[in-house]
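Shared chain: chain A. Partners: chain B in the first complex, chain C in the second.
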Partner chain A sequence: MSVVAPPDETINRLRAGLGQQADGSGDGTITSDPAVRAPLVIGKSAGSFHEVTETVCGWAESKPPLAWYPLFAIASTFAGIATLMIAYLIVTGVGVWGLNNPVDWGWAIVNFVWWVGIGHAGTLISAILCILKQNWRTSINRFAEAMTIFAVICAGTFPGIHVGRVWFAWFLFPIPNSNGIWQNFRSPLLWDVFAVGTYFTVSLLFWYMGMIPDFATLRDRAIARLERKEKFGFITVPVGKVAAFGYGILSLGWRMSFRGWWNYEKAYILLAGIATPLVLSVHSVVSFDFAVAILPGWHTTIFPPYFVAGAIFSGFAMVLTLLIPARSMYPGMKDFVTDRTLENMCKIITVTGTMVGFAYGMEFFIAWYSASYYEQQAFIIRATGSYWWAYFIMISCNVITPQVFWLKWARTTPWFIFIISIFVNIGMWFERFVIVSTLSADFMTSSHGYYSPTYVDVLTFCGSLGIFLTLFLLFCRFFPMQAISELKNVMPQASPHPHNDDHGGGH
Partner chain B sequence: MTSKSSNNWGILAQYEDPAALTHACEKVRDAGYSKWDAYCPFPVHDLNEAMGLPRSKVGWIVITGACTGLLIAVLLQWWTSAVDYPITVAGKPFWAWEQFTPIMFELAVLVSAFGAIFGMLALNGLPRLSHPLFDSERFLRASDDAFFIAIESKDARYSETATRSLLESAGATSIELIQEDQA
Partner chain C sequence: MAIFPKWTNSIPAFAFLSAAFGVVAVVSGFWVYATPKFWEAGYQPEQPISYSHQLHAQQLGIDCRYCHTNVEKSRIANVPSTNTCMNCHTIVDAQRGYLKKATAVEGESVHFKSAALQALRSYAASGDPAPWKRIHKLPDYVQFNHAAHLQAGVSCFSCHGRIDQMAIVYQQNPLSMKWCLDCHRSPAHNLIDKTQGRVTDLAWVQEQLNQDGYATSSGSLLAEKLSDSSRGAPPTHCSACHY
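Coming up: the complex of A and B.
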C-alpha cells in the first residue's frame, strides 16, 4: 500500500490548525485529498509529550466541568430507580412486567440484546482497528472500551433478573442441581452465558491492561504533589496521598521499563488478535438465541452477520453520543478527537447501516423465496401488522438516517452527528423490539396477542441508562480518558529516526 | 524513601529524546551488558533491536492457554452431557461436537486472554510495590516525557567509573547513582 506523505510544510500547517476548510470551519484535519494523512494530535497537545500528559491527566486531577454535576445527579437518580424496580420485580415476580402468552420474551431480552450490541464498539475499536493499523483509533479506544464494559454490565443485568426466581440464577453456570442434572450444553442459551461472560472478562482485561501505564503516569504525578489537600465541608481529605495510593495500586508497580513494554506490546497485539474473532462470535451467539428456535421470522441463517453488523452500528453510534458532548466539555480533548476522527466514525456508521438495511431486504426476499407460508406471514405482519410503527421507526432510523453522511457537511458537523447518533440508538433498540414482537402473531390466529410494556418495564430500561451513565461519569472523573502512552506513540516526535519521517507513525 | 544501607543498585542516565535513547541503547548493547533496561513513556519503535532483546515469551503462554481452554471445554461438555448424566433433548446426540464448538471457542479465548495479561505481568515481575528506581525524583518523569537507561550493579561488567563514562559518552544529559532500598 503506498500512501502519499504530505510535504513537511503541509503537516506543520495542519498541526497548527491552519489547514481549515474553505469556509474557515473545522480543525484542519479534514483534507480534500483522502490519501493525505491527517495529524492525529493537533493544537497545544501536539507541542510536546508533556503537553499530552498535562491535558489528559488534568481531567482526572482537577474538578470536573460544571455540567458533570447535574448529569451525575440525574444519572444516579435513574440508577436508583432501576434498583427499586429490580427489587420490586424480585419480591413480586415477573408478572410486574408486560409479558403475556404468546409474547413471553419482552423488554428484558430487547434491552439485553441492545446493550450487548452497544458493547461491541469498544473491542472492535481496540482490537480490529488495532490489527488493521488504524492509528486514529488511539484517541477513542479508551473511551469506547469503558463504554463496552458498562454496556455489558447493563446487558448482564437483564438475563440475571428475567429468570424470575433470581435465587436460581446460579444454574446459568455449569453447576449440577440437587438431582445431579447438568446444564444443557446443546442449547444456545448456555452458549450465550459463556460468550457474554468471556466477552466481558476479556474486554475488562483489555481495558485494564491498556490503562496500567497511564495509571503509572497518574501515580507519578500524584507522588510529585503528595501534600495536596482538599476540603469537603468539614472534612479535609489528603487527596495527594489518596491518589498516589489508589493509582499506585492500580498501576501494579509499572515503571515504564522497555523490557516490560516489549512483553506488553506482544500481549496487546495477541489480545487484539484473539479479541477480534471474539467480537464477531459474541453477537453471533446472541443471535442464535433466536435463530436456533424453530419459529418463523427467527429461524434464519442471516441472523449472525446481521446482528454483528447491527452491533457495530449501534456501538459506534453510542460512542459518538458520549464522545461529542465530552469533547466540548473537557478542555483539550479536541486535540485528540479531531474532526477527522468523527468523520471516520460516521463513515463506519454509514457502511454498517447499509449492511443492516441490506439484511432487512434480504430477510424479506428469503421469506418470499422460501415459499413457506408462515415465514412470509411473519414478515408481512412485522411490516404491516399491529407493530408497523416499530418497523417504520427501525427502517427510518437505521437505513435512511445514516445515509445523510454521504454529505460532507453532515459528517463534519459535530452537533448534527450527535443527533443522528441518537436516531441510530433508537433505531437499533426498535430492531430488537421488532424481532421480539414477532412472537405476538404465532401459528394460531386464535392465540395472537398484543404486547405492551408496563411502567416497571419502562423504568427498568430508563434506569439501566442511568446505571450506564453513572459508571461512565465516574470513569470520566477518575480514570485516564485517553490512552496517554498510545497517543504519545503516534506523535511525530516519537519517531527514533526524526529525519526519515515518511512512515508517519503508521507501524 | 530512605535507604538504611548505601548499597549501590546501579546508575541511571537520562537522554534527550527517542533518537538519543535508541543510539545509547545500541552502545550499551554493544558493550555487552546484560542487567540493564531502558525506560520510556511509550514503547519506542525498534528499541528492541537497539537493545538486542529476544522475542517475547508471551506468545507461548497464550498458545498454552488456548489449548488448556479448549481441553477444559471438551472435557466439561463431554463428561457432563455424555457420561455423568446423559439426557435426551430434542433428539440430539449426547456427544454433539457441533453444538459444543461455541463454548470450545469461548473458553479457548478466555484462558488465552488470561495467559496474555497475567503472563505478561509475570514475565515483567509485576505486581510489585516498590523498586529502587522509584527513589529517584528525576525518574518520576519517565512516565511523562523523559527517557532513561539504567544499568544494575549486579551486571558482571559493571564498574562505577567505566559504566558511567560509557553512559556519558552515549550522550546522557544527566547521571544519577541509585541506592539499593533495603528494608
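Coming up: the complex of A and C.
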C-alpha cells in the first residue's frame, strides 16, 4: 500500500510521465494498487489529441528508423528464396520435400497450422477484447490485425502448394466441372478451406475498415504537403502527390463526417461480433484435420479447445515478438504500447500456456484411461520415441517457459519478454511438428518410418517468415500502425466527465 | 483541395459493372469452351487407309465383332491387323483376277485403282501394321473395360454412336468423367436386353433406346436386374475406374 496520492493525482502524474517505479525503471504504468487504473496513453502523446495524430502519422510520413533498411533487405531476400523454392516445387513435384510413406504430411501442414494459429491473437485482440471493452487493446489491435492478415497469407500458401499439381487447386472449391464430381463435404480438409477463407475475408475487412479514417487523416496531411518532392538517385519523385493519391484511394472518400463515424462505429461492432466466433471456430476446424482421422494420437476430442488455446498462445507471442522491437524502433510508440500493455499480454500467455500444458497432460491421461493399446503406444512413442527431442522442446518451451511470467520482473522487462516470446513461437511450431510426426508410428510396427525435412522444406519455411516480415515492414512503413481515433477515445480528454471519479472510472 | 477530379466519382460504378460483365464472360466462356465436349468430341483424324465403316458395317452388314474380335472378352476392343482385311480382300481380288494379271488390268477397274485398297495391299504385303490413329482416348489413369460393359448390356452405340453410318470415324461423345458418371449413376437410359443377342446391331439398339419412356420401363427393369445380379449396379466409387 505504497500509493498515497489519490487516484486522480496519480493518473495526472503518470500521464506526465513522472510515475516511474521507485527504482527508476519502467514507464510508470505498472501499478501495485489494483484500484489505480493505469493510463493507456502516456508521455508526450498524452498531452493532446493533436500529439497523438502527429506521433502516429509521423511514422508513415517520415523516413523509417535505420534498422528498418537491413531488416527489410533480409526479409525480402528470404521472401525471394521462398518464391524460388515454391517455383522449384511446382516444376518438380512434392518429391522435393522430405515426405515419405508413413509421414505423408510434413512441414507443409506444420507450417500451415502454425501460421493460422498465430493469426488468432489478432482476431482475439480486435474482436473479443473489443466486445469485452478491454481498452488496453487499442494500442495493439491494428498491429495484431495486420499480423493476422500476413500470417493467414503465409498459412494459405502451404495447402495451396502441397497439392502437388497446383493447377488443380481449384478442386478445393465447389465449381461445376466436366468430371461430374463434387467436393467431399464430410471431409474436414474441405471445411478447412471455408474456415480459413472466411477467416481471411473477415479479418481483412475488419483491418481495412478500421484503417479508413486513419488513411483519410494521412491523405489530408499529404494534401497539406502536396508539393513535397524527393530525389532517389536521378529520379525525382513527387512524394507529396503520390502519397495524396495513394491514401486518397485507400480512404475511399472518407470525410470525417458525423454520419460517416456513426456508420463506422456500427460496422466496427458488427464486424467484431462476426469475428468473435471465428476465433474459436477456425482453429477448431483446423484441429479436425487431425481429430477426425482415426489415427492414434490424433483421434481425440480435446483437439479443438487445445488447438484454440495454443493458437492464442502462439499469436500473443508473435505479437510480442513484433511489438517489442517496433516499440523501441519507432519514436513515441512507447506512449501507447506501455509496459502495462506488455504485462497484460504476458498474463494471457501464461494462462493459455498453462491451458496447453493441461491439454498435454490430459492427452496422456486419456491415452491411459482409454485402455486402447495403440493410443497408449502412440503417446509413449511421442514422448520417448525417435522424436523425443521434439517433444522435449515442445514441453520446455510451451509449458515451462511461460511460467516465468509469475515473476513480476519477468513480465515487466521488455527484452526478457521478447526472448520468452521467441521460445513460445519455437515451442508452438514443435507442438505441430510433434502432432504431425505421430504419423511415423501408426498401428503396425512394420510400417513405422522416420521423417526428416529436405533443404527445400527448411528454406520454404524460412522464406515464409521472410514473406511475413516483408509484408509487416511495409505495413510499418506506409500504413497507420495505431488506430488514431481509438487511442483518442481512451484518453482522459475524451471523457465526458473530466475530473470526476464517481462516474465509473472516468474513461 | 481535391486530389481527384469529379469524373472519378463514376469509377466505382463503372468498375462494378465491368467486373460483373467480366465475371459473366469468364464463367460462360469456361462453361462452353473449357470442356471435353468442346475439345474432344468431333475428333476426326485422317487415317492411313480411308476405311469406311458405313460401307462395311452398314451396306455389307459385317458385324462389329468380325474385326474387333476381343470386344466381348477383353478390356480392349482390338483394332484388326491387315490380315483380317485380307481375309476378304484376297478373295475379292482373286475373284476379279487382280492377283494373276495385276499389271494387265491396271487402269481397268475402280476397285483396283482405289487408293485405300492400294494402301491396304502394300501394308499387308510389307507385314507392317497400318498406323491407325486412335480416336477414342482416355487418360492413362482411367481403366475402361469393353467386355464388362457389353456383358451388362451397354451397346457400342452408347459410347461410339452410329459408327455404322460413319464414312470416316469421329468421336461423337465427350468421354469426360461426368459423361461416364451420368450413365453410371442412372444406367437405365443405356441398357438393352442382351439376351436378344443384338448388342452390336446399332440401328436396332438406337431404335430401342429411342422409344418413348424406354428408360422408365424396359431400361429400369434391366437396371434393376443388373443390380440384382452378382455384377451389381454400375460402380461410382473412385477405384472402379482409377486403379
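Following the convention adopted for this analysis, the second predicted complex is superposed on the first by the 487 of 507 C-alpha atoms of A that agree within 3 Å, B and C clash if a C-alpha of one lies under 4 Å from a C-alpha of the other, contacts with A are read in each partner's own complex, and residues count from 1 in each chain.
What we mean here is this: a contact is a pair of C-beta atoms (placed from the backbone, for glycine too) under 8 Å apart; a residue touches a chain by one contact, two chains touch by 3 or more.
Just so it is clear, the structure is predicted and the values come from calculations on it, not from any experiment.
Contacts of A:493 after superposition: chain B is touched, whereas chain C is not reached. Once chain A of one complex is fitted onto chain A of the other, the partner contacts of A:166 are absent, as it touches neither chain B nor chain C.
Look at A:181: by the touch rule set out above, it reaches both chain B and chain C. Residue contacts after overlaying the shared chain place A:237 against neither chain B nor chain C.
When the two complexes are overlaid on their common chain A, residue A:277 makes contact with chain B while staying clear of chain C. Contacts of A:35 after superposition on the shared chain: neither chain B nor chain C is touched. Of the two partner chains placed by superposition, only chain B is touched by A:258; chain C is not.
In the superposed three-chain model, the partner touching more residues of chain A is B, compared with the other of chain B and chain C. When the shared chain is aligned, chain B and chain C each come close enough to touch A:223. Put simply, chain A uses residues 180-181, 219, 223 to touch chain B in one complex and chain C in the other. Within the complex formed with chain C, the chain A residues making contact are 177-181, 219, 223, 226, 244-245, 248. Chain C makes touch with chain A in their complex at residues 1, 3-4, 34-37, 174, 176-182.
On the side of chain B, the complex with chain A involves touching residues 17-19, 21-22, 37-48, 50-51, 53, 56-59, 62, 66, 76-77, 80-81, 84-85, 87, 89-90, 92, 96, 99-100, 102-103, 105-107, 109-110, 112-114, 116-117, 119-121, 123-124, 126-131, 133-134, 140-145. Interface residues of chain A, counted against chain B in their complex, comprise 48-50, 53, 174, 176, 180-188, 190-191, 194-195, 197-198, 201-202, 205-206, 208-209, 213, 216-217, 219-221, 223-224, 252-267, 270-271, 274-275, 277-278, 281, 285, 288, 484-486, 488-489, 493-498, 507.
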